């Protein structure tokens, strides 16, 4: 005895690869299908439509297939309401909970499709059924006993972004690959254009920064980008901020003069002194106000009201009073920033980029820059369809980007 | 005024991605299309068929599109004979020559489809029109004045290997990605199975080896694989052979004892002495016969009649009398081996693996093993649909592979 | 006018490189010197002694030089008591505080040399002057107002470990370099011997583990090493523990079956389910006791009373109730483990290895294993004279290590 | 019974590390020593002198020690003439032949010290005893039967370059380490200054170039450096030249437009067409003269009489008529260039850099630039004391270097 379900595909289902994925999933999972209706877009601007019957050996297998098809935008042709099950306990999900993708998603409730807010991958969806129904994502540690959590595959619609028809968009380059053998200056120009476009549309740019940025001498140029408003928010760790402030107070970064390349003695002491000084002042903002910090990335953030999040880690010295040492609290702060961002620059940091990337919907533009190809690949693999990777030296990337944005206008 | 051409797609054109690629290519290149006939395989075992009209602004653009479609297995619905133009000079191709993919390819000549022999990518196709027509590939430096070279896109049919329906084949793993975060022992077991299967089918295994294999202590286990017939042919450089023989004569590899990890003094002298001794004997085979070489990879090759090619390079010491110092001559020897191989193990060498890979048809099984993910990625990118990459330590890979093939039978 | 100070060098000052470093430091910092007494050890077992006058242009420069000489074990010939200054505030060091190396260090107090406890680099030294004087290290965030902090360079003696005379010791290999071109099996044998020796001496082995260890299939072998007592303590992150437990409950690691290499659907759900189940039970220990967790690394830790520290990070899902989310609290737990360890295995994790490495004295044996040479280099650079690096695949390293320790006894 | 020999050390033997190395070598090799005279330079400008007796268990061990000491500049106090043994056959060295370092070396012949010409590592030294004695290096394949080859350790003096007293020289930075976390722009400025200094001293700059340089868009800037005389000679492979010329003729590099980042179709055909066109003309120089090649690196080399060597490899297409396909012949051409160079820029190529590096004396300034830290490390390890490594993006490095040399004068 076989079981079956009818599903529908709509849109540019062939050139987006949806049809292929769909056939592949069914076969991989041991099911079969028969196409019942197929209306192909005869011209490149026409949408196609397919209705097909998915067959499996048992209900369990069928559910596997249908779940997987969902993730790729294939929806049941006869939609029902989503199944809601209350969470049995704080931080515990009901069995069979629906785990989100980072694509725009809709939940069917009382016969209506409700868009899920704050899309982010690997979350549960909680439905709030008041005057007006709301659905939003929740990470595991935010689940509260009694939350109505969406389970199973019914009543959920996922819309993966379609491959842009016109390959000439700001991000129509370098997709699907990472290589250090690309024309560096031309690529940076394209990234500069995407930033300009984001700003023109009123969007916000979030820079996620690792300490290598300071060591490699790119600090002054990033500070300019913050001051001139090309970077609206900053996400980093304790080390980044300390190195930036050390450069201001002592002229060194982890003990090295980034201009003369000398190592004045007492190098590492500068690092601890810097933290000590900021603690004495009560925090970065206070240290800027008192004149202790007079320049640099953190200075420009404070001076120009660009919000920053400093997340703590087990390898930190100090840390600074501004550093959020609790990982869950830090994640929440990162999540808030990520949801506000329209474009994210991930600059030489794997840890912070992964943390930010985990919270991004697939519609946010992402640029990852690192000298290590493995870092860029790992970040691109986490799934934004809009992500662009560049394997290059952050110490030459930021200056050339700043030159193109600020000096060539 | 637009120009157009009718093309056909046949087979599992949706789940193989052919339909999607085809739509993508036309749009990327600024053309448009209208689907004239579409017969979808209603079940997973049925083939589909599509006939469509490709339209472009001018003949040049149309040719671009049609050429690109060819590479992906889309062929004109009304085939004509291939265009043949004599080569104007030795090592000079006629303009518009057809540059091959590594997929099985057919040339239409006198109304008949002739399969191209010795498929290999980036070559020209030469047609020999005697009693029976033959078509084969030729690299640029082998072209002779007057050779009938296929030009343009007419009369050529390309058949890319289809994605296997059943994902459980010997190579149904790890495709489309390279990562060091995979279960190493299980992956090596799958590779061992593929080697066993190749041997069972009467196929030949070619090992392409870099010197790191010797330094990392894997020499004895590779020698066993050669002796026991799991490796039929060897492709390497001068350095590989010298290190292997040095280990036999002096117990060191580039001066280090690979067991005690000591560096007996006179290290590098062993390297030169080894070359000097083999030159004195007149070559590796002679040195085996005289008893100067008594064990190791090269010894087993000679002793068991496994042919080897040693290709020279500008960083060689010596070289050995067996090393082919001329790059073109060495390429020809490599090409011959590559055409005979049914499975290729690329072990810790970028240079030699690229050289071999350039000559392989897309139907040969390829395994690339290297500790550097960039090397594995670069080799997989060169295009065999059958290639599997593994990022691991060659010094632990070969022993585990040998254990699984030889000790667990 | 120049200022000067007399300093002394004792021990194997030439073959340990101390004399060379000392001359180099003085010249680099613009000072000069005159050797006043030099007694060379005439034979290889005799110690040497040198007394020299260091001269500089001003007191500031002189202090720089003398401070730097300290770090390399050169001490004033006429020692005075260390200068103690009370910390002006919580988490604020007095200016000129002495920042520690990771070498054994002594503080002169009331004319007596007191050994500094809990040596660790980049800390302050606090002196407690009760019935018996104690001196110990404190990290910045542990400093309390009024703590007597050692400042300046006076009254401090540093003893860097001397280069072992006899290069044949357990760790007399691979020093001063990282390479993937080494004989892998022989190197692992040497590491196995060092572990055996540590256990024979009654020492403790701490394993610092990254999630790649589980993905690469090394979980069962690490679990055996924990069970058999070759690993006494574990330091890892939330992800490591979740992957390990997921393998036990669902047979997958981040959704992949590490034996068949299949990806059963609902992959990532397993990850969240695992965390959810452990939260439901109240923690790992409770989940072991209730029978929810029946095997694996965490299971063996609980079952055999091997203490573990799970440190939180901003990229965690969940986290598990056992994970310490506060970075400072987690650092303290890591510090405690690090101080107890006699040998540390750093297995495929940069973040946790750096955190542990920061707390280690230079006398602890350290082995770093990673497939990425940059990780190994970065860890070795942080300074243990006893550190050994190996660039290899953790998925083959742990099985071979376990085989050598457990099966070849 | 022990055997012994008296040796001398002269110069800055402590701060150059010579004394330490010397003690270490003797102990490592199981010998012992007694210092018979020790005159320490009391001030930083004074040289030191030591005379010591080296003792060993047998003559064999003693020779080992003395040989090794030689390599580090320690010479017998009672020098004898070098031992000369005729080569037994072409390409065969006499047993015990002396294998060179890349340091300045002298041979004692008839009581006189003769400087060895064309210093290069891993060679034999041949003495020509005509009117005036000459000594020079010969690689193995150049040895002819009857050549008087220096054997053993007697009568040879090696002078390793001493560590510069004053760390402020052009190359007094970044020594002893490779890192991508350095201030990129400042480092490039130092390299630019070293080039300027080399030119000011009448020296010659050799650029060793890989194809990534063209792909990454640095071609125009390198061409400017050739034209303006900052690069005097070029060493590269067939691929580099073909990509450079393809950019000129077709506006692409391996099929990609390096400015718009588009991939015009027929990409790879451009590569073959380019080779085909140059073959038709008869070579690069002829193609420049006929106007087929109008710009780029190869164009500027021909137009400004900067000699170039193109060495063949087994992965070449074509190759161009200018490419030397025989590895031994190519090595000889590379050797000639290397001996003429006063400064060498190794730009994104491992193969060619190793080949050039093998032929360099330790006194030549070397800069290695690559985005892969492993490449830079491997090149620096091969031993020039003057080598500087930089891990950066060649596509941003060359433009910034050109800007600093050409636009900021």
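Should a chain be cited, it is by its letter among A, B, C and D, assigned in written order, with residues numbered from 1 in that chain.
Assume a contact is a pair of C-beta atoms (placed from the backbone, for glycine too) under 8 Å apart; a residue touches a chain by one contact, two chains touch by 3 or more.
Note that this is a predicted model, so its numbers are computed, not measured.
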{"item": "Neighbouring chains shared between chain A and chain B, ordered by label", "value": "C, D"}
{"item": "Winner on C-beta contact pairs when C-D is weighed against A-D", "value": "A-D"}
{"item": "Remotest chain, chain D as reference, centres from CA atoms", "value": "A"}
{"item": "Separation of mean Cα positions, chain D and chain A [Å, integer]", "value": "46"}
{"item": "Intercentroid distance (Cα basis), chain D paired with chain B, Å", "value": "34"}
{"item": "Between chain C and chain D, centroid-to-centroid distance (C-alpha), Å", "value": "38"}
{"item": "Numbers and ranges of chain C residues touching at least 2 other chains", "value": "372, 374"}
{"item": "Complex contacts: residues of chain A adjacent to chain C", "value": "29, 64, 67-68, 88-89, 91-93, 95, 97, 99, 122, 124, 139-141, 265-266, 268-269, 271-273, 275-276, 279-280, 311-319, 323, 325-331, 334, 351-352, 354-355, 358, 372, 374"}
{"item": "Residues of chain D touching chain C in the complex", "value": "14-17, 19-20, 23-24, 26-28, 32-35, 38, 40-44, 163, 165, 167, 373-374, 377"}
{"item": "In the complex, chain C residues that touch chain B", "value": "173-174, 180-187, 190, 211-212, 215-218, 256, 258-261, 371-372, 391-393, 395-397, 399-400"}
